[in-house]
Structure formats: structure tokens, C-alpha cells
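First the structure, in the form of C-alpha cells, and then the observations on it.
For clarity, chains are labelled A, B, C, D and E in written order, and residue numbers in each chain start from 1.
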């Protein structure tokens, strides 16, 4: 993840001016629509002109837009569902904080979908916006993804409660699918953290601290996507707007609990990593101590010996020891004694 | 304890779908039931089919389920006591945060039971869920444990107040038994911390920082189990549901005080360990200083001497000193003086 | 940015005494005035005497004062718009915290405009004060800048909503222009942080920690300008004064979201930099370890060899080895074996 | 102070079961009773059987129990003053957090008395519980102490307000005596901190960091005794129970201020100690730098010289320099030049 | 500043007992009194007996007491203005936290005046207490100071608003004079911090960390004097007592803003210093790296050379190389090659 995705809006443009995110323009957006009620459902891929058509449906409608490269679609949807242009600007602005807004005609939600991209071994995030009106839910994704497929499947097969409840339950189900996916990301992160933990304690390398830093960075950026969610779901749950039925609130409370758990896990991960860097530093200090001990032991043993040998290598004319018969063996004995004394000293200090 | 126990629920399943935790399926759950009032009590191990039977008892019922491998039991209990399926899902989902929920037909509590597993010298946690209705209390444990035995004993012997009060007091008593056990775990941890504290100050080894880290990790994970308890007991205590009598609230306040004390002790432990790593680092730096001092002293004393000896080991034809009668003893004197000067210098610097 | 710009007010002067900021006196302030309504607008550079003239305009007036060197202008504006002298003092006092104040006759806002000065590679801040009355907005800048030009352009061309709304929307638009500019500053900072991050991990130099510190300092000073803004915009948004229309509040909420995002980004930057210094320290420790290893390996290999050579350089009369035919090659062999043994030892320790 | 004094209550016992603290059983408790009103007072050491006797006194009664080894006393007092058994259990449970509880028949307070034990140079804490009823105050101490003597003296001599006010003022006076004593403990701690501060800056030893840690530990444990006091006094002050007169509240506010001051001083001490460990670490790093500089200077000066001397100690047959008349003095000159060059280099680097 | 000035009150004395601070007894207090209204004023140095005299003045009275060595003065003032004895004790107790208290007959304020004592290069604090009644303000200082002179001057010359407003404005003006002086102290601190910042980055010495610590200590102690002020001014501003007019509240809000700014600046200073110690540590590590590099380079170059020289200094009878004509030059070549190889290695590692 980059620290900074892109600008909120082009500085200088009046607020509410719609500008398609540059990197999205190329790909053509795909619009799918579901109409369902308890007994049946229809599903189609629609054209931009079909958006305004089906106004009078009594059933629940779910319009999903994949790709944000065409602002015309947003304008049409905005007109049909009476969406404020600041909201439409927020849909296009992909560096939004997760948020919940109540408007008279609809409720608006922004969330972050998170993936673990195995190829880049990085976490990627995608913005999902949702608009909830009395009998429709609109969802906007940056690119086609498979997280919502399980909801589509449930609608098609009439599994679970989704067909029995209104669009508020649908929005809940979509959010639940997103939050469930956070746990997959957390598990991957948790495994990385447990690996680095073993590495720190058992076999730290010079790469270890960079890896710890990179995990911390990921968690820092994840927090920005996940922390506000707590507030978002709480706001949505406690909202007194007419679009949310009482039965759905029980499910939202469950979702809220899950979000708290994601946040707490993230915080635990973070404290863990902070602690690990300290352990790494102390391990690094210990290795240094080991290296220095070896150097000191070798130097302490041999430098004095070297001096003694040098002493009797001198060429003074009058050095009586050199003439002694036992001079050489006695010196060897002195050397051995000196080594022994130092070894005892090191043992006493617990260096060897 | 692992960072991550298992998934909240299988991503993709509709909320409220009951799935028995995989590792639990093998063992057959055991269901025991107590019916008691002030004057008498009955106790039996019952079968799954007996659950629905004893509907009209006027006394207090306590149904305890040991093991979560059979979702059929939960379904039956759910039907009989009118328990929402999200609650049943929470009972099965073993990575829950402690929580308290008020429902119309019952109150729901999730707690963590903590054990110190001596074999693995690790702390283990087990999820306990409780459902409190007007005249019954249900408790669900992951595996048979002995923490609740003291409550069973009190019911059998009519000791204490348990037989005189309703199911709310029973739930309090079960929670109290769990929290009492936290103190045992804390005491074990406290002993480990005091041991490592002595080690850090008196005899730090390269293992010490890993041990400090491992204790910090344990406390980090314990916090996740214990912190939310504060809120849980507070919620339970202040709940205005009809299931909790005023007399029980006094006892819950007492329990609340105990929980605060557990949390504060945990925080003190945590700050202690943080401080200890700093002390360890400074001790490690001091050891390094000691090692370097030895190296420096030896090198400083002998390297110059070695040079002097080397100087008079040269083979120049014209080196007048070599011919002098007192050359050798004078040089020895110079060497002794040099050693003496350095020793004075080291003493002045308080190195020796 | 300096830690301390200048005094709040000269200690000793009675509160409300107007003193032009010293460094501003030289430059002559420039006053421009816009009168606009939906259908038309007039724009002129006015003289100090023209200020009081145009009292009865029904349209919206925007008076912008560039430069604070002439307290006479402030006094006249103060009289005409009934501005309290403490407010006027606040306009002149350039070390203000951003703030929002409700008065009976007007609302008062202080903000900080931020620029990235490329020449000095530093962030500069300028104080902007605004006064909002029923049909006029006054803005005071330290020096002419181009951030407000886009608003002027919109008024001239009737682009966006500005001509359709009252002076409250104008004040919002000016604030929005200022906050939009924060993102430019943040992006520059974000780039610097990503650069230093790469440097820390891949190629840390002795300058790196000073650079990290200097970035932290910038962020610390930015926070002082930006944190209070949250409160300011919130206060402005929730104000119940008659000067703010309900329609403008929706836009202020959007602005509030942007401010939160600026603050969160700043906090993320800050935590990032804190983490980076730790990584730098551990990298620095690793480099030290590398250096020590080289020293230790060389010393350990050659000091014993040097001793052996020295031993057979001694001049004792009776040293049988010296006479041996194979003495020299055997010694070379011993030396090679010693080197080999140490190399094996180093390999085992993973030093080479 | 130990991290952990003893168990809250024996795990397994029903709540409200009175168990005398083990280490207290041996010593016989001492009960003293004061009856006083503005005009006169009586004071006696009473027997366990006298407790229930003097029921109808119109004056204020103060019953002080020194030592908790006899649960019979508590039971009797409990019966006479209608004290809940959970409260009695709290009196016996010596690891309580300071707390304030309102009951219908009485108010209950738990505080910690702190002493500086000069013999062990450690801070000791003792639990003091107080029960306040309409016309009596009960106080329970672990062992006889002299902190309350000044209150006894005031009652005997009718000094101050104590004889003119009710039992609520007496309880205030007892708390005030306890909090006053905290300042004595703080002053001792403050002196230790200032001593260690001088030591860190001027003459750090290897013991210093252990001393800093031990002071931090003391403060950590003190906080657990003192922090909750704020809440306790606030609760007591704002209590709407009939046992506290309005006039006493003014005094409690004063006491509250003192408590805040104790807490703030403790926090300042704590931050001070944290900062000091950092200074210690940097001082330790500086000492290391000094040591390394000495080693490097000596090695750098003499190792090259040693090499040069070794060079001309070689026994090659054809080494022309050896035959030169001025070879030796020239070499000495080169050596002196090399030393001079290194000294200049070190000076430039500001090492010497 | 000392960590601990002196005792709150002598432990053991009943609350409300007046004891003159010991070190103050020697100096005779000086009492001055101002009576003023819009049109005129009188000013005199009065005697202790004059205090009670001038009871019926309709104008505003300001009684300033310089020096607290005479408790008789306090007693007289206490009687005349109906001041509670706990308040009088607070005036004498010079280690008070800043506070605001509302009493029926008066409002009471405690503040800290701060000076930068250039002689000791330390910050000194002095306690100022103020009592505000309906038509009088009393101020108590520890020693004569010149901060209030500017207010006296304004009263004498009728400058500013002070003569037009009541005693509440006077109290505000005195507080404003005190807070204005904080900025002088902050500026001195700010300069010290910027100096040490340059020192850390450009030329760190062993004194640097002690200086950083000493600055942190100052800020820590300043915080204790300044933080509570926020609450004090807020309390005073929001007070609903009859002694504060609505007009004065606007000025108090201004003062409140200044206090917030002082606090924020202090916090910025503090974070700055914390960051600086980290930079210092990393700079110290870098210096160590530099030192070690020099040692390693010299050792690595010369120790192997020394060995080679030693090798050919051996006295073996059979060493063919010694006899070779080109032995010496070849060896010199080998030595040069070895040096070259190591230099290349160091360059590759970017050590030179």
C-alpha cells in the first residue's frame, strides 16, 4: 500500500465537480442489477440507458457498478435516486476514509475492501461505496472482485435471510462479506508476525528489522482503513433513518462486534511488533558482545605472549637470559602460565 | 496462546449458520442439569432428548453443556429457550471477545476461562458462554473443567446463598469462580516476573530478553481476554432486564471490583516488563563496556611494549644502544615505567 | 518553520491595543472588494477611504486585505462592521492558534495557510483570518498569495455555487481552498518520507537520522497548525448563529471529513518516522557488528600467527627447533592449520 | 513492596465468607473506643464483649480496631452496625483497591496507609478501612500505627474542629492524616530521585540503572495505592448520603486537591525516571566511545610502528637499508613523523 | 526548580491552622492599596491596622500583599473580607497547584508566576493568590516583583479599560500580566532548545544529553505549574458567581486561548526534546562506528604486514627465502599488494 493514493479532489475545482479517477478511465464499467423478493428474483447486466427505466419495481433492487471510469453512469444514478453531488464526488474520490452519512433521501456508506495480493506479498485496498434508499441498494466497486459473489449466490438460491429482508439487510450482508475478508488478511499478517517472532528469537539477520518495519507499516495503513469502520457501523446501527429496520440492527450489532475484534487484533499485532524490535535490538547487542568477547580473548591471550617473544628477539649484546641453557623452556613455561591465568580470569567472568 | 485461534465464522456462510468447531466434533458433549430451590435439589446427566422435557419446573434450572461438537444440542436448547440463532452462532464461535447482550427472552454472556497449563508452561484459555432466562441458567464450556465444581458442591450442600437466590445469582457465582481463577494465573505470572526481574539485575543472559518478550506476549493476549470483562460485568450489573434481582447487583459490584484489580495488576505487570527490557539493555551495554575495558587495557599496556621490543630486534648495523652495557636493563626500566604510567591513567579514569 | 514566530502581544500593553506586526509595516496593504449576486458582480482594488462607503449593498461583499502593516485599515473595518478590538488584535497577532469565535455581530475564524517553499525546502505558514457577517465576508492575509485566486475566478465566471449562495458559502470556499492546499504539502512530505524510508532500509548514512528528525520536527509544527482546525470547523458547522445557512452545513461536513483525513495522514506520517528511527538504530548496530566482525576475524587470524613467528625470532642460544631441517616448513604447516581452524570456527558461527 | 500481596479471597469459598488473614491470626486485636461531643469525651480500651453494649450514646463514637486476627470482633461489629458481610470480607481482604461504597446503613471506605520503612529502605503499605454511620465511625488497621495519634490528641485536647463536628468530619480527619503522610513518603522518594539524577549525570555506575528501575517499580506500586484515591474522595465528597454534612464537603475538597497533587507529583517522578534511564544509556554509550577512542589511538599509533620495526628485524641477506649508516636514525625519524601525522588526524577529528 | 518545594502543611496540624512559611518570616510584608473608579484613584502603602479601616468605599479596591511572613495580616484580611481559614491556609501554602474556588463571599484563585533567573540560568516560580469579592480584589505575592507594575501604571494613568471596569477585570488583568510573562519564559526555553538542536545535529558532545535532560526536567516542572491553569481559567470564565461581569468573560476567553497556546508550545517543546535524545543516541552510535572503522582499517592493514615481517625475522637455519637475492623486494611487493587489496575491500564496503 502506498502512503498516499491520490488527491481527494483536484485542488481548485469547485466542490461537487465529478472527475473520474485517472487510472480508471480506460476500463469500461459494468453495471449489474438484481430485483428480488422472497418468492423470486431477476438478474441482468444492464446498459447505462436501462438505469432510469425500471422505476416502479415493488421488489428490492441491488445495482452494482464495477469500475468508476464513466461519470455519466453516476450522473444518471444520481438523478434517479436523488443523490447529492457531494456524495457522487465521494464515490469517485478513492482516498476516502470509511464513513457513514445520513441524507434525507438515502444513507451513504464508504468502506475499504482488503485483499492480500500474493504476487506482490502486499495488502491491497479497494474502495466500496454504498447508497441505501427505501427499496434499493447501490454499490460501487473500483474493479470486479469476487467478495460479493457469495451474496449473489445467496440471492439466486434464496439461501439465508437475504431474500426475506429489505435492502438494509442486503447492505449489512455486503458489509459482513467485506469484514469477513478482513479476517483472512489478518490471518496472513498473523502468520507473518509469528514467523518473524521465531526469527527474532532464534536466528535474527540484518533483514529482520526491515521486515519488522515493513509489517508495522502495513498495520499502520490497515488501521487507517479499519479504525473508522467502528464509528461507521455504530452510526449505521444507531441511525434513526427510516431505511433501517429494527430486525437488521441485531445483525449490525454482530457485525460491530466483529469489527471491534478486528481492531483489537490489529492493536495486539502492533504492540507485538514494537516489542519485537526491542528484542531484536537486544539480540543484536548480544551478538556484538559475543564478537567482542572473541576478539578480547584472543588479543588478551596472544598480545602479551607476542611481547615476551619480541623481548627475547632483541639484539642487545648483553642479555644474560639468552645465554641460559633453560632460558627457552622457562619462557615457554611462563607463557603457558600466563595463558592459564587469563583463561581462569575469563572463566570467572563467565566469558568462556 | 496463539495469536489467532480460528475464524469467527467461515467467510461466505450466511450469518446465523451453525457450524461445530472442527476440533470439537470428535468428542461427544456431556449435558448435566441441576434443578434446585432452597429446600432441595436434583442433579442428572441427561440425554439430548431430555432437554426439552422438563419445561414446567418452578425451581431454578442449571443446564451445563461440556463440549461443543454437536450442533443438534444447541438447536434444541435454542428452540426450547427461544434463543436467537446469532447467539447460538456466538456460542460455537470460540474466538469471541467477552461480551454481554440483552435480548428480550434472555441475557447472553461470553467469558474466557484461563488456566495455567504446567506441562506447556503456557496459559490456556477456554470460552464459556452463559444464557440467563427468568428461571434457568445455561452454560457452555469447550471441555470438562473443574472450576465449576465448587459451585456444584455448594448447590449440593446448600452452602452459601446459591440455593436461596435465583438463576441470576448462579450466573454471578459462575463468573465469580472464573474471575477467582484469574488470580491464580496472575500469581503464576507475577512469580515469573519477579524471577526475571532478579535475573535481569543480577545475572542477565542472552535468553533473558526472549523470556521478557514471551511474558509480554502472554500479558498482551491475556489483556484481550480480560479487558472487555470490565464492560461486560458493568453492563450486566447496570442492565435493567427483569432477569437480574437487586440483591444480586451488590455481588456484581464486588465482582466488578475484582475485575478492575485483575486489570490493574496486568497493567502493572506490563509496565514492569517494559522497564525491565530497558534495564536489560543497559546491563548488556555495561557488560560490553567491561569487555572493551579489558581489551583496551591489555592492548594499551602491551602494544607499546611490543613496539619497543621490536625496535631493538632490528638488524641495523649501526644501532649504538645495542652495544651499551646497560641497554637491556634500561629498556626494561622504560617498559616498567610505561606500564606504570598507563596503570595510573586507567586508575584516574576509574577503569581499574 | 521556527518554533516560535513572535510574541502574542507585547507584554505589558493593555489587551486590545492594536500593534502592526513589525516585519509587516514596510509593505503597503492591498484591499480588494467583490460585490456579487447570482446575476452579476463588481470587483475593485479600493483605497482605505472607500472601505466605509458602500454600506447599503444588498449583494454579498468580500473584502480581502493583503498585508497587515497598516492598523488604520483594521480600525476602519472594525468600526464599519462592528468588530470587537480583541478580534482586531487577534488578526494582527500572527502566532494565533486556529480558532472559531461567535460574536453577536459576526463570526470570527483564524486559519493557517501552508506552503511548501521549494527554495528553502521548508514548509511555510501564513495566518488567514476571516470575519463573517450577515452579508459580507472579510479575509486578512499576511502577504499576497494565489490560493484564493481560484475562488476569485469562480466568482468572475459564475462557476460552481459561489454566486448563488451567501457569504457563509464564500467563507467555506476559502477554507476549502486552504485545506485543499494542505494535501499538496502532505504529498510533498509523504514523498520525502518514502525516500527516507528507502534510504534507511537500503543505504543509511550518518545524515539519515538528522533528516528523520527534521521531518519529525516539520510534522510536529504542522500539527500545531492543523489539529485545532478540526475543532474550528466543527464549531463553525454546529454554530447556531444566523450567519450560516443550513445548505452550507453539508459542505462544511465534507470539509470536516477532509480535515480529519489530513490529521490522520499526519499521525500516520509521525508514527512512520518514529518507527524509522528505530530501524535506523538497528541498521547502525548491524553495521557496527559487520565492522567488528572484520576486525575480529583479522585479529584472530593474524595475532596468533604473529606470536608464533615472534617465538622463532627469539635469540636464545639453545632453541633446538631452529636447527631442525624441517622446522620452517612444519611451522608454516602449523600456521596454515591454525588459520583453517579459525576459519571453520567463524563459519560455524555464521560470521563468514 | 511485593507485586502481589495475597489472594483476594480463597478461590472456591462462597463470597462473604469471613477468613482472617493468615499472617494476622497470631496477634490479638486491640479495640479502642472514643465517645465525644463538643463539651467532653471518654476514651477506653474495650473488650470484644463491650462492643455491643453502648448502643444509645447520643455523642459521636469512634471505634478503632488494631489488628484483623479475630473475625469474631468483625462479626459483632457487623451485627451491631448492620454491616453487609461483603463489606466485612473487604475489611479482611488486605489486597483491596482503595474504594468508596454507599450502603443504606453506612458508607464504606478503603484506603492505603504508606510508610517509609527505613530499615529495609522500602515503602510499606497498610490497609485502613472505615465505616461511617450516622453517629459513629469505625476504623480498621492491620497493625498499631501512630498516624492516628494526632487525631486522638486533638479529640483529647478539643483542638481544631473535630469535637465540634460529627463522625463525617472525623473520617475526613483520619483520611487527611493518611494523605498528609503520603507527602512524607513522596519527599523521601523525591530525595532518592534527585540523588540518582546527580549520579546519572556526574558519575554513573553499573548499579545506577538497577537503582532507577527499583525506584520506578516503587512508583508503579505506589500508583496502584494512590490513583484510585482520587475517585474515592470525589465519590465521598459528592455522595448524597445523609452521613455527610455540607460543612465537611469544603474540607473534602481541600483533601481532594492534596490527592491530585500527590498524583501529579508521582507522575512527574515517573517521567523523570524514564528520562533518566535514557540519559544513563547515552552516558554509557559515551563511556564506551571514550574507551574505544583510547584503544584506537594506541593501536593506530603503535601497530604501524611495530610493523616498521618488524620490517627491519627481518633476516634477509640482501637488505641494503640495514647497512646504511643513517638507516636507524632515519627510521626513527619516519616513526616520529608517522606518530605526528596520526596525532594531527586525531586532533582534527576532535578525539584528543 | 526543585522537585519538591516544601510541605503542603505540617503533617499533624489540624486543617486551617495558619503557619507562615519558614523562609518568609524574616522579611516584613508590604501592603499597598489602590482605590479607583473611572474618574479618579488613590494609592497608598498601608499599615496592618489600616486594613480594616476603609470599609465603605464605593470604588474598586485592590489590596496587594508582598511577602507572607506575617500571619496577622492574613487574619485581619480574613476577618474583614469573610475569607474561610482553609483559603488563608492555601495562601500560605506555597506548593499549591493553580486552582479556582468559588465561595459564597468571594472567588479564590491560585496561580504561579514564572521568571527566568539569568544568574542561575534557571526558571523560578512564585505563587500568587487572588481573592475576588464584589468590590475588591486581594492579591498575595511571595516577594515584591515587577510584573504587576504595568497594571499599577495603567490604573494611575487611566490607560486601557481597567479604571472603567470592576474588580473582576482587575483580576483578569493581573492574570493576563502573569500569562504574558510565560511567553518570555517560553521564548528563552525555545532558544535553548533550538541551540541544543543545532548542537545535536552538528557537534554533539558528552554534555549534550545532560543538557537535553535538564531542559526536559524544566519543562516537566513547568507543566505542573501551567497545565492546571487551563482548568482554572475555564472555571473562572464559566463561573456563575455574581462577581464576574459578562463583559469580562470575553477577555477571559482571550486569556484562555493564550493559555492553550502556552500549553501546546510546551508540549511541542517536550516532544522535540524526546526526539532529540534519539537523534543524539544515533549520532553517538555513528561516532562509535567511525572510531571502530579507523581501528579496523589500521589493524587490518598492519597486523598481516606485521606477521609477514615477523615471519622473515625468524632465526631458522634453513629458510631458503632469506638467501634469495630478490627476497626482500618481492616481500615488499607482496605487502603493497595486500594493502591494496584491503583498501579495495574497504572502498567496496564504503568505509573509506
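The rule is simple: a contact is a pair of C-beta atoms (placed from the backbone, for glycine too) under 8 Å apart; a residue touches a chain by one contact, two chains touch by 3 or more.
Everything numeric in this text was worked out from a predicted model, so none of it was measured.
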Chains in contact with subunit A and also with subunit D, listed by label, are B
Listing by label each chain that touches subunit A and subunit E gives C
Dist(centroid_CA(subunit A), centroid_CA(subunit B)) in Å evaluates to 26
Distance in whole angstrom between the CA centres of subunit B and subunit C is 42
Check: subunit C positions touching at least 2 other chains come out as 281, 285, 288, 292, 295, 299, 303, 306, 310, 313-315, 319
Ring walk start=subunit A dir=subunit C returns A, C, E, D, B
Touching subunit C in the complex, subunit A uses residues 3-4, 7-9, 11-12, 14-17, 84, 86, 90, 95-97, 99, 101, 206, 209-210, 212-213, 216-217, 220-221, 224, 277, 280-281, 284-285, 287-288, 290-292, 294-295, 298-299, 302-303, 305-306, 309-310, 312-315, 319, 321-325, 327-328, 331
The answer for subunit E against subunit C in the complex is residues 150, 154, 159-162, 173, 176-177, 180-181, 183-184, 186-187, 190, 193-194, 201, 250-251, 253-254, 257-258, 260-261, 264-265, 268-269, 271-272, 275-276, 278-279, 281-283, 285-286, 288-289, 292-293, 295-296, 299-300, 303-304, 306-307, 310-311, 313-319, 349, 351
